[in-house]
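Here come two complexes built around chain A, the first alongside chain B, the second alongside chain C.
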Partner chain A sequence: MSDVSITIKRGEAFALVGETGCGKTTLARCVVGSIRPSEGSVTILGRRVGTRRKELQKVWRDVQMVFQDPHSSLNPKRSILSILETSLRTRGVPRGRIRDEATTLLQRVGLDPAHLDRFPHEFSGGQRQRIGIARALAMEPQLLVCDEPVSALDVSIQSQILNLLKSLQRELGLSYLIITHDLAVVRHTADRVAVMYLGRIVEEASTDEIFASPRHPYTKALLDAVPVPDPAVPPWKRTVLGETPSASEWQHGCAFRSRCPRADELCERQLPLLAPMGADRSAACHHPEDLPEDLPPSDGSFP
Partner chain B sequence: MSPGASPLEIDGLSVSFRTPEGLVPAVRDVSLRVAEGQRVGVVGESGSGKSTLLLAVMGLLDHGVVIEGGSILYRGRDLRSSSAEELRRLQGSEIVMVFQDPLTSLHPLHTVGWQIEEAITCHRDVGKAEARRIAVSALRDVGLPEAARRARQYPHELSGGMRQRVMIAMALALRPSLILADEPTTALDVTVQAQVLDLLEDVRSEIGAAVVLVTHDLAVIAQRTDRTVVMYAGSIVEESSTARIFRRPRHPYTAALMESLVRHDVRPVGELPFIPGAPPAFPPPEACSFAPRCRYAEELCWTVAPPLRIVDSDHRSACHLAESFDGEGVRTK
Partner chain C sequence: MSRAPGAAVGGPEAGTAPDPRSLRDDPPPERSRDRRTVMAAVILAVILLGALLAPLISTHVVHHGPNDQYVATATDEFGLPKGPSAEFWFGADQLGRDVFVRALYGVRTSLIVATIATIIAMSIAIVAGVVAGFLGGGVDSLISRVTDVALALPSTLLILGLVTACSGPEGCAGGLIRPGMALVAIALGLFNWMIAARVLRARTLSLREQDFVQASRIQGLSRIQVVRKDILPNLIGQIVALVTIAFPLAVLGEASLSFLGIGVPATTPSLGSMLENANRYITVAWWLMFFPGLVLFGLTISVNILGEAVRRHVDPTGTDGFLGA
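This part shows the complex of A and B:
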C-alpha cells in the first residue's frame, strides 16, 4: 500500500473498493491498529493510532470492526450475553446493568433479547452477523470498520443487513469504513468511495459521481464487469483483459497500464498522481475517461 | 448409451444426509432435463440442494450422503448403476467438471500441462507428443500468457483465475458434451470473473457442449444461461427459459429473490426489500417449504406441499397460487 490518504467525516459512510491485492484490507488493519504503517499515520477523532497497548485500548473505544465471516468470528463456547459482556465491561458498564445493556443492543440490531443465553451455532448466518454488529456497537464506537459485511451471507439476507447498517448510521450518527469488492454494497451503503488498485487510490468521489461518471479506466472496467440480473442486457464488454499483476512485477509508471486500453508512453514513464476531477473528486490517470455525453438527471438515476 | 439421447436427464432424484437424528433430505424429488448444447442455470441459496444435486450426478457425494431414489441418465445411460471405473472414464472424456476452487479438482503434485495431457491420452486416440501439443494449444486458446511455460507449473503456482482457465482448457482439449460447473467464478475478482465466463461461453459454443451452471448469483444466471431452475430447501420451485423467468417469475420465492437483490446499477431509494426469516433447516414434508416467509401464503400452503407443475407455456412452478401470481420480474431499462 502506498501513499494512501483518506478522510472520513463524522456520520459519513466511506467505502474502499478494489479487487484482490489492492490493499484495502491492509488499510483496514492499519485503521484498527493491528498493523503498523511503515510511513504516515492514522488519526481517529484527533487521536493518533499508535502501537502501544494503552494507546490502542483508547482507540478501540472509538473504532470497532465487523468481520466478514459470521461463522468464525464468534466464540462458539460462549453465550451471546457472555460475548457482549466482555465489551460492555471494558466500557465500564457495572455488572448489574450488563443484561439490560445487552438487551438494548440485541433489540437495536433486530434480534430477540430472549435469545441472550443462546450460543452462536443456534443462530443463522444473518443473525450471527447481527450479533457481530451488536458486539461492535457495545463499545459505543464512533467508527465501524466493516470488512465485507455481507459477502458471506445468502442473497436474500444481504439486504436485511445493509438496511440495518444504514439505519444504525442514522440513529447513532456512526461513521463507517466499508471494505468491499462488491459494487452493489457500495451503492447502497456508502456516501463516498475510494477505488484502490495495487496499493494506491486511483479514484475518489461521492458514490453518485463514481457510478454516474467514473473517470479512471479501472473504475469504469470494474463497473462494466459486474453482471446485471437482466437477460436483456448483454454481458460484459471487453474493456480490460488479464489479471492484476503482482506488486513486484510493476516497476514504473502507472500500475494499471498493462491492462488499460488507453495506456501509452507517458503512462509507462510517469506514475499518475491523484488530480482533481471536479469539486470534490479526484483520479490518478493521465488519460481519464471522458464525461458521459448526457450526465444523468439530478435525481441520480443511472443512465 | 444412445448418443442421440439428451446429455443429462434427472428423474425424481432424492438425496439425503445421514445424521444422528435420522435422514435429512437435501435434494427432494428433483427432475430436470438438459438438451443438447443447452445452458441450464441452477440457482439457490444455502440449503437449496443445488450443489448436492451436481455432486450426485458425478457420484461424488460424501460418505453419509445417500441417494434415496430417482435416476440420473447421461445419454440414456444410467449413471447410478455405473461402476466407479465407468464414471471415472466418463468424467474425463464426455463430462468435465469446473468447481469453485480448482485446487480441489486439480492434482497438486502434477504440472497442469501433465494433467491435461493425461486426460487427453486417456480419452482420445493420440500419442504423448500430440497430446502435449494439444494441451499447450488449449492453454494458449484460453488466454494463459506464456502457455508453454505455464504448462510446466503446478496448480499452486497459478492464480485462481488462471487455474479456472486451466479447467476450461481441459474442457477445450477433451471436447466434452456436458460441462458441470459449481460456482466457477465466485471466488474470483469481478474483472476476472467476467473474462472467465466469457471464455467458458466461447469454448462451450465452439464444442457445442451443454452446461449446467450452479450458482447463487442471479446476475450470472440472467446473462449466461438459456434456462433457469430455481431451487429452495431441496426442491425445484420454478423452472422456465431464463428470459421468461426474469420477465415474469411465477413463484413468490423467485420474485422475492429478484426483488431483494442488491444491484449496483440501481440508485437506492429508501430501504432495500428483503425476505424475512431464513431458509428452513428441516422443511416439513406436508407444507410449502417457503410458506413461513411468503407474504401470500394461504391455509392450503400450510397443509399441502405444492407439486411442481406446468403453469404456463414452458413454465413450471411449485406454488398453489402460481396462476394468479403476478410477479414483478426485474426492472428493465
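This part shows the complex of A and C:
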C-alpha cells in the first residue's frame, strides 16, 4: 500500500472499494492502530496518532471497528453483557450502570435486551453483526470503521444492517469508513467513495459522481462489471482482461496499464498521480474517461 | 449429557427413515454415548469412594490393615497365599496381606501422585503454550525449541535417574526434595508437559488471530486481560482434554516406577508395586495380578471416558474438535 491519503469529514460515510488484496483491510487496520504504518500517519480530530498504547487508547475512544465475520468477531465463551461490559468499563461507566447502558445499546441496534445474558452462538449472523455494532458503539466513537460489514451475511439481512448503519449515522452523527467490494453497498450507504487498485487510490469522488461518470478506466470497469438484473441487457458491456498483477511485479508506470484499454507508452513511463478532475473529485489517470455528455455509445457486443 | 435425552441422532443405528436431524454430524449415537459416560462415572465413583474411605473400610468393614499379615488364615499349609474368599475379597498375597485393602490404599497413592504430577505438568504447559502462542516471535521460538528438546530427551530414563538420585536418605537439592510420593509426582510432572504445551500453543496461535481478540484490543484491554478473557476461556476444552490424557499417563507412570521398584517407599501400598510383586507369583496366585490390574484399568479408562463427556459439555458446539486442530 503506498501514497494512500483519505480524509473523512465529520458525519460523512466514506467508502473504500477495490478488489481482494488491494489493501483495503490494511488501511482499516492502520486507522484503528492495530497495524503500524511503515510511513505516514493517521490524524484523528486534528490529533496525530502515535503508536504507543497510551495514545492508541485515546484513539479507540473515537474510532471503533465493525468486523467482517460475525462468527469470529465475538468470543464464544463470553455473554453479550460481558462483551459490552469491556467497552463500557473502558469508557468509565460505573459498575452499577453497566446493565442499563448495555440494555440501551441493544435497543439501539434493534436487539431484545432480554438476551443480554445469552452467548454468541445463540444468535444468527445478522444478530451477531448487530452485537458487533453495539460493542463498537459502546465506546461512543466518532468514526466507525466497517470492514466488509455485510459481505458475510445473507442478502436479505444485508440491507437490514445497512439501514441500521444509516439510521445510526443520522441519530448519532457518526462518520463511517466503509470498506467493501460491493458497489451496491457503496451506493446504499456512502457519501464519498475512493477506489483502490493495487494499494493506491485511483479515483475519489462523491458517490453520485462516481456512479454517474467514472473518470478512471478501472472504476468504469468495476461499474460495468456489476450485473444488471435484466436478461435483455447483455452480461458485459466491456470487461477488463487478465488478472491483477502482483504488487511486487509492478515497477514503474501505471499499475493498471497491463489491463487498461486506454494504456499507451506514457502510462508505461510515468505513474499517474491523483489529480483533481472537476469539483471535489480526483483521479489518477493519464487518459481519464470522458464525462457522460460526450461518452461514445456503447456497442453492446460481447468481448 | 448436554443435549436432551432421547434425541438420538443419525448414525447407522437410527434406522432407515430419513431423519432431518441426521444432517448434524455427531459421530456416535448419543444414547450409547450417554450410557458409556454413566458407566464410567459409576466405576470412577466406586474407585474414588473406596480410596477416600480406605481407612474406614479397612477398620470397620473388613477389619484388615494394609500392612497386617494374616499368615494363619490367608496362607495355606505350604505358605502359599489363598485366593478370593468371603474374608479376603481380592485374595491375599504371599505375606498374608489383604489385597483388597492394599488395592484401596494403592489407589490413594496413585491418585495423590497423579494429581500433583498433572497439576505440575499442566501448569508448565499452560504457561509455556499461552506465552509462546500469544507473544510469538523470539519468545515463541525459544519456548518451542525448549519443548522440542524436552520431547527429545529420553524421559523414562531421566525420571528413573532423578528418582534414584533423590532416593537417598538425605534427598536431593539440599534436602529440599525428599524421597516419597512428592518426589515421584514432581519427576513425572516435569516430563509430561511437552505435548500439552504444543497443543495449547497451536490453539493460542489460532485464537490470537481471531477478530474478537482484535476487537478486545480496540476496546482497550491489555494483553494480560485479553489472555484472561479471550484466550484462556477458549482453551478450557483443550485443557480438560489434555488433563484426561495426562492424568491416566501419570497414574501409569507412577505404577511403572513402583513396578521397577523405585517409586514410592515400599511401606506405602501402590498399584504398581503390587503388580510388580504379583509378577513373581503369577503362576500360583492370579488374583495378585488380576485385581490391582483391574482397578488400574478401571481408573484410567473411566477418567478418559468422562473427560470426553466433559469436553463435549464444555464445548457444546463441537467447533473446537478433539484437540482443537
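Odds and ends about this structure:
One rule holds for everything that comes next: the second predicted complex is superposed on the first by the 291 of 303 C-alpha atoms of A that agree within 3 Å, B and C clash if a C-alpha of one lies under 4 Å from a C-alpha of the other, contacts with A are read in each partner's own complex, and residues count from 1 in each chain.
Definition applied: a residue touches a chain if its C-beta (ideal position, glycine included) is under 8 Å from a C-beta of that chain, and two chains touch if they have at least 3 such contacts.
Predicted, not measured: the structure shown is a model, and the values here were computed from it.
Within the superposed three-chain arrangement, the count of touched residues of chain A is higher for B, of the candidates chain B and chain C. In the superposed model, A:205 lies in contact with neither chain B nor chain C.
Of the two partner chains placed by the overlay, only chain B lies in contact with A:184; chain C stays clear of it. Using the contact criterion defined above for the overlaid structures, shared-chain residue A:102 touches neither chain B nor chain C, since it reaches no partner. By the touch criterion stated above, A:231 is placed in contact with chain B alone, chain C being left untouched. Contacts of A:77 after superposition on the shared chain: chain C is touched, whereas chain B is not.
With both structures placed on the common chain, the touch criterion links A:87 to chain C but leaves chain B unconnected. When the two complexes are overlaid on their common chain A, residue A:116 makes contact with neither chain B nor chain C. Chain C contributes residues 210-212, 214-222, 229-230, 233-234, 236, 317, 319 to its touches with chain A in the complex. Across the complex, chain A is touched by residues 45-46, 143, 145, 159, 161-162, 189-195, 197-198, 216-224, 242-243, 246-247, 256-258, 260-268, 271-276, 278-279, 330-332 of chain B. Taken together, the chain A residues at the contact with chain C in this complex read 32, 34, 53, 57, 60, 64-65, 67-69, 72-78, 82, 86-87, 90, 121, 132, 135, 138-139.
Residues of chain A that touch chain B in their complex: 19-20, 124-127, 150, 154-160, 162-163, 166, 181-188, 208, 211, 221-236, 238, 240-244, 299-302.
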